[in-house]
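Same chain, two partners: subunit A is paired with subunit B first, then with subunit C.
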Partner chain A sequence: MIEHLAPQLVNGLVLGAFYAIVALGLSLIMNLTGTINMAHGSFMTLAGYLAYTMVLRGTSFWFALLAAPLIAVLVGVLVERTLVRPLYAREPFYSLLMTFGLSLMAEEVYRLIWGSNGVPFSPPAALDGTANLGFMVFPAFRIFIAAVLVVAIVALALFLTRTRFGLRLRAAVQDTEMIAALGTNTQLLYAVNFGLGIFLAGIAGVLAAGMLGLSPTSGNALLMPAFVTVIIGGMGSLFGSIVGGVLIGLAISLTTLFVPAASEVSMYVLMALVLMIRPRGLFGEEGLFG
Partner chain B sequence: MSEPLLALDGICTDYGKICTLRDVSLTVGEGEVVALLGLNGAGKTTTMRTILGLTPPRLGTITYAGRDVTRWPAYKIARLGIGYVPEGRRMFKDLSTLENLQLAENGRAGAWTIPRVFEHLPKLSELRARKAGRLSGGEQEMLAIGRALVANPRLLLVDEPSQGLAPLVVEDVYRILAELKKTGVAILLVEQNALLALKLADRAYVLDSGRITHSGPAADLATDRARIRSLMGLEVTAR
Partner chain C sequence: MSARGTTIASMVVLVVLAAAPFLSPLVHLDVSIVSEVLVTAIAAMSVNLLLGYTGLPAFGNAAYFGLGAYGAALSAKYFHVSFLLAILIGTAAALLGGLLLGPFLLRRRGIYFGLLSIAFGQVFYFIAYRYTDVTGGEDGMNFPRPPLGLPFANVTVNETAFYYVALAAFVLALLAFRAIVASPFGRTLVAIRQNEVRVRYLGLNSDRFIFVALLISATMAGVGGALFALLINFAYPLELDWHQSGYFVLMMILGGAGTVWGPLLGSAIFVIGKDIISTITPLWQIFLGALFVACVLGFPRGIVGTFSAVLRRRAHVADVDDANAAFDPHAPVEVGRGV
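Right, the complex of A and B next:
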């Protein structure tokens, strides 16, 4: 039993880290500006394809892992400044519709450039093998993914709690107007915050391309679990997003082991259970859209 | 008299479709304390929000330190040295006292630093690690004033500093404001308690339904019992 259970548990944790990091990006953007970024998955896919093209042209995987998300950030900030910004004064519904339309357009653009079918994107040779964890043997690439995602989450936490910019971001989530009256350029905060969310999505996008495959819709496939993650963790709570992601990852991988047919539905069951007990999610705050 | 530090000229500000300020003109001189009085809904807070760039005016001009700042973004206006102590304090409740002060450091050099604020308001120093949401109303008011000072303002906009505070605490707050006045900071003071504000102020304006209906030396207004009664008495019966 243990020889089946242990790998699935570790798999669940890796999967959970994916959901967590995508959900963190969604939460960052949602908490500050109330924007529900339906195009978040498209930015993941974009970073994945960019990395794929770079590696195809002979760039190293390591460089692509950093460069592809950064290019996605540039595109993201451009989208935020030109398309999302004019909608900040309106209800969240408007930006939701706009970004949803954007994700549909992006999908078609990816089809035009990279084709409708999935493309093979394999991890670099150095990460091809397996690693012996003592109690089990596990693909090295997945260990690497987990490590990168954990480093990204820790770096985000340090950025938010230890830097002046992070302090301003946390304050702006509570009261944007007051932070402006104290001399902070809130438009700059919005742009950097959006870029930060897209950077996390981009990293996840490149890593997911190597583990889960890469196609025009692959990013959007991770978006729904990420939204469920945000809801389980509780809107407004970044910590909740991390916990929610891990819970969903474990739920999916364990149901895959015991009741494979139910693996898709398990996260929704988990969401229903959490909402029955805590309607605002595990760490949720009240009146996010006050 | 030299040019005033702040001058509003013919300001009209709309809130949605409702016109809240009509042709408001007022000035605050360097180092001067000016009281802005009026009933609830007269437009006092809107006047402050207009100066700060949070609710830009539809008509009129705002001049500060010789510059036309009308329709400037709020953060640029703040960096020129206009501090804001808002109604209801508006603390960042989840952040500590110290973090609330750090937020106001915007690179404007001057005599005020966080250590100096702690020196002047020792109570805040004791509470530096406590979340602002867990401070008492009086402590929050001190923190709101300290937060505004960290940015080294030449002009402070202070909105209802006595609201919801016990009389002894109100005395404390006004003692601090009086000390600040001595250091040469100009203050535009909005206050429901007209008599309290007039004791500190050099001049006063009275706002009624978005218009300025009276302006003059604070001492004169303080002796105008009929007007004071209409400013304060009505307020009491209206509640």
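Right, the complex of A and C next:
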């Protein structure tokens, strides 16, 4: 049993990084505009399929890893400007419903283009082997995934804290009216922020396609754990999303080892426990989002 | 619409519903489809109480619906209980689900409540999905429809008989719903939607009111779910899924949030639309998604809500902003009128 523990723990961390990055994208969008983006999983799937098609057409995996999320961002910003934007002035629940409708349509469109069944999307040969971590051997692709996700998270943190634009974004989360009065183009902030969230989803989508498989519903399967991540970490807290993701990843991988049938339920048990002790999540602030 | 006009319209609807098994063959509609309309309307009504009246984004009612379905299905399959007892057991299961989740959901409001509803609702989905030995897992479970179970009429329930049971349940639910929203309790729910802080200052424990509303909603959804399982003689995990919750919300908003008849109308459009479109094209889901988008962007007040707003405007009654119909604290809700 114990020799299975270490790989399973590392697996849990990789899985947790996935949840964290999806949850980060969700949180970014949610914090600024109150929009719960139910189509977040659809954008992941979109990036996954785009990368799949690119690689199929002969481009390199590395190119696809960057280009596919960027195309997803273009689609995302287009959707934000045309469909989500009119809803900002209204109750947040409306944008949740609208994006839910979008995700239903997207799923069907993916089915039309790429078929109902999953398609094989394997990592490039360079990442095909295993890596010796000293105390265990582990698939190289998963190490790579973890590395990319960590880099993405650090880059996001730097962007938000070290650049003028990131500063404005965080200020807008606190008081959009004030920052608009000070002359910042808030519509630009909304669009870039949405795009940023989709970019994170896109990166996760391409990587997840290689690790967890790619089908019209594969992105949506990651959406629910991401919601739980946001709740555990606390709505409004980006740091919370990272911690929440890792906690859930570990919880799921450990229950997979000991009680496989309870692997999904475990994250909800964890969520219930956290909410019993801290009703607004681990790092959630009182007053945000009721 | 005047109170009398509304009463007449309601009577017409009820008469049409009572004659539906004889009318539906004329329009090539299966009786079971009309039964499904009524059954899902009960579930949409349960969302209406929380969302349309109390202003809580109830995006998890499929959990209670599915608990009702599985409660009925499991008891009918393994304990061979009667039709009516299966409904009762399903309803009790849903109520239990509400008692279990309520304390968690209560603590938050607004969009946070919605997120918690979605997340917690999924627990039951995964239990049904994973507990394959008993529930059949992903494939679902079928079971023969049990006999009615009245001591003087323990008959088998054919499609027409089922329809009348469903109609009876629907009318009961509708009357109960009307009584609830017209009662001081229901008024308090509307007051919570309009200004919860003020309700608390008046010395009312709004949490307690919301909890009771949630239990009523869960019970109602459970009745719908139990009937749904008995209608199709089948229970499957997707009944518990958050997508299903979304469909109920759509039905309610499509028909008209905060209106008594809205959920029935929304359910009719949804169920019959699905039935018709699915036979023409496999792309039902695209239509459904487009309906969501159109509904939210185009007519958030729903059909009944828009209709009555037009009538009100003609009667020179001050109108409110259309855009936030379901959640605008000052949007009108139907209280004590409607049937």
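Keep in mind that, in the parts below, the second predicted complex is superposed on the first by the 286 of 290 C-alpha atoms of A that agree within 3 Å, B and C clash if a C-alpha of one lies under 4 Å from a C-alpha of the other, contacts with A are read in each partner's own complex, and residues count from 1 in each chain.
Please note the rule applied: a residue touches a chain if its C-beta (ideal position, glycine included) is under 8 Å from a C-beta of that chain, and two chains touch if they have at least 3 such contacts.
Predicted, not measured: the structure shown is a model, and the values here were computed from it.
A.B. asks: Tell me which partner A:77 touches in the superposition: subunit B (first), subunit C (second), both or neither.
C.D. replies: neither
A.B. asks: Which partner does A:272 contact after superposing on A: first (subunit B), second (subunit C), both, neither?
C.D. replies: second
A.B. asks: In the superposed arrangement, which partner chain does A:98 touch: subunit B (first), subunit C (second), both, or neither?
C.D. replies: After superposing on A, A:98 lies in contact with subunit C but is clear of subunit B.
A.B. asks: Does the superposition put A:261 against subunit B (first), subunit C (second), both, or neither?
C.D. replies: Once the two structures are laid over each other on A, A:261 reaches subunit C alone.
A.B. asks: Contact-wise, after the overlay, does A:175 reach subunit B, subunit C, both or neither (first, second, both, neither)?
C.D. replies: first
A.B. asks: In the overlay, answer first, second, both or neither for which of subunit B and subunit C A:167 touches.
C.D. replies: Only subunit B is touched by A:167; subunit C is not.
A.B. asks: Touching A:224 in the superposition: subunit B (first), subunit C (second), both, neither?
C.D. replies: Only subunit C is touched by A:224; subunit B is not.
A.B. asks: Quick one: subunit B or subunit C, who's touching more of subunit A?
C.D. replies: The larger set of subunit A residues in touch belongs to C.
A.B. asks: Which subunit A residues come up in both lists, the one for subunit B and the one for subunit C?
C.D. replies: none
A.B. asks: Can you list the subunit A residues touching subunit C in their complex?
C.D. replies: That would be residues 30, 34, 36, 83, 86-87, 89-98, 100-109, 112, 224, 227-228, 230-231, 235, 261-262, 264-265, 268, 271-272, 275, 279-280, 289-290 of subunit A.
A.B. asks: Under the stated contact criterion, what part of subunit A meets subunit B in this complex?
C.D. replies: Listed in rising order, the residues of subunit A that touch subunit B are 164, 167-168, 170-171, 174-175, 177-187.
A.B. asks: Touching subunit A in the complex: which residues of subunit C?
C.D. replies: 57, 59, 104, 107-116, 118-120, 122-123, 126-127, 129-131, 242-243, 246, 249-250, 253, 283, 285-286, 288-293, 295-297, 300, 323-324, 326-328
A.B. asks: Okay, in this complex, where on subunit B does subunit A touch?
C.D. replies: 52-54, 73-75, 78-79, 84, 86, 90, 92-95, 99, 102-106, 108, 147, 151
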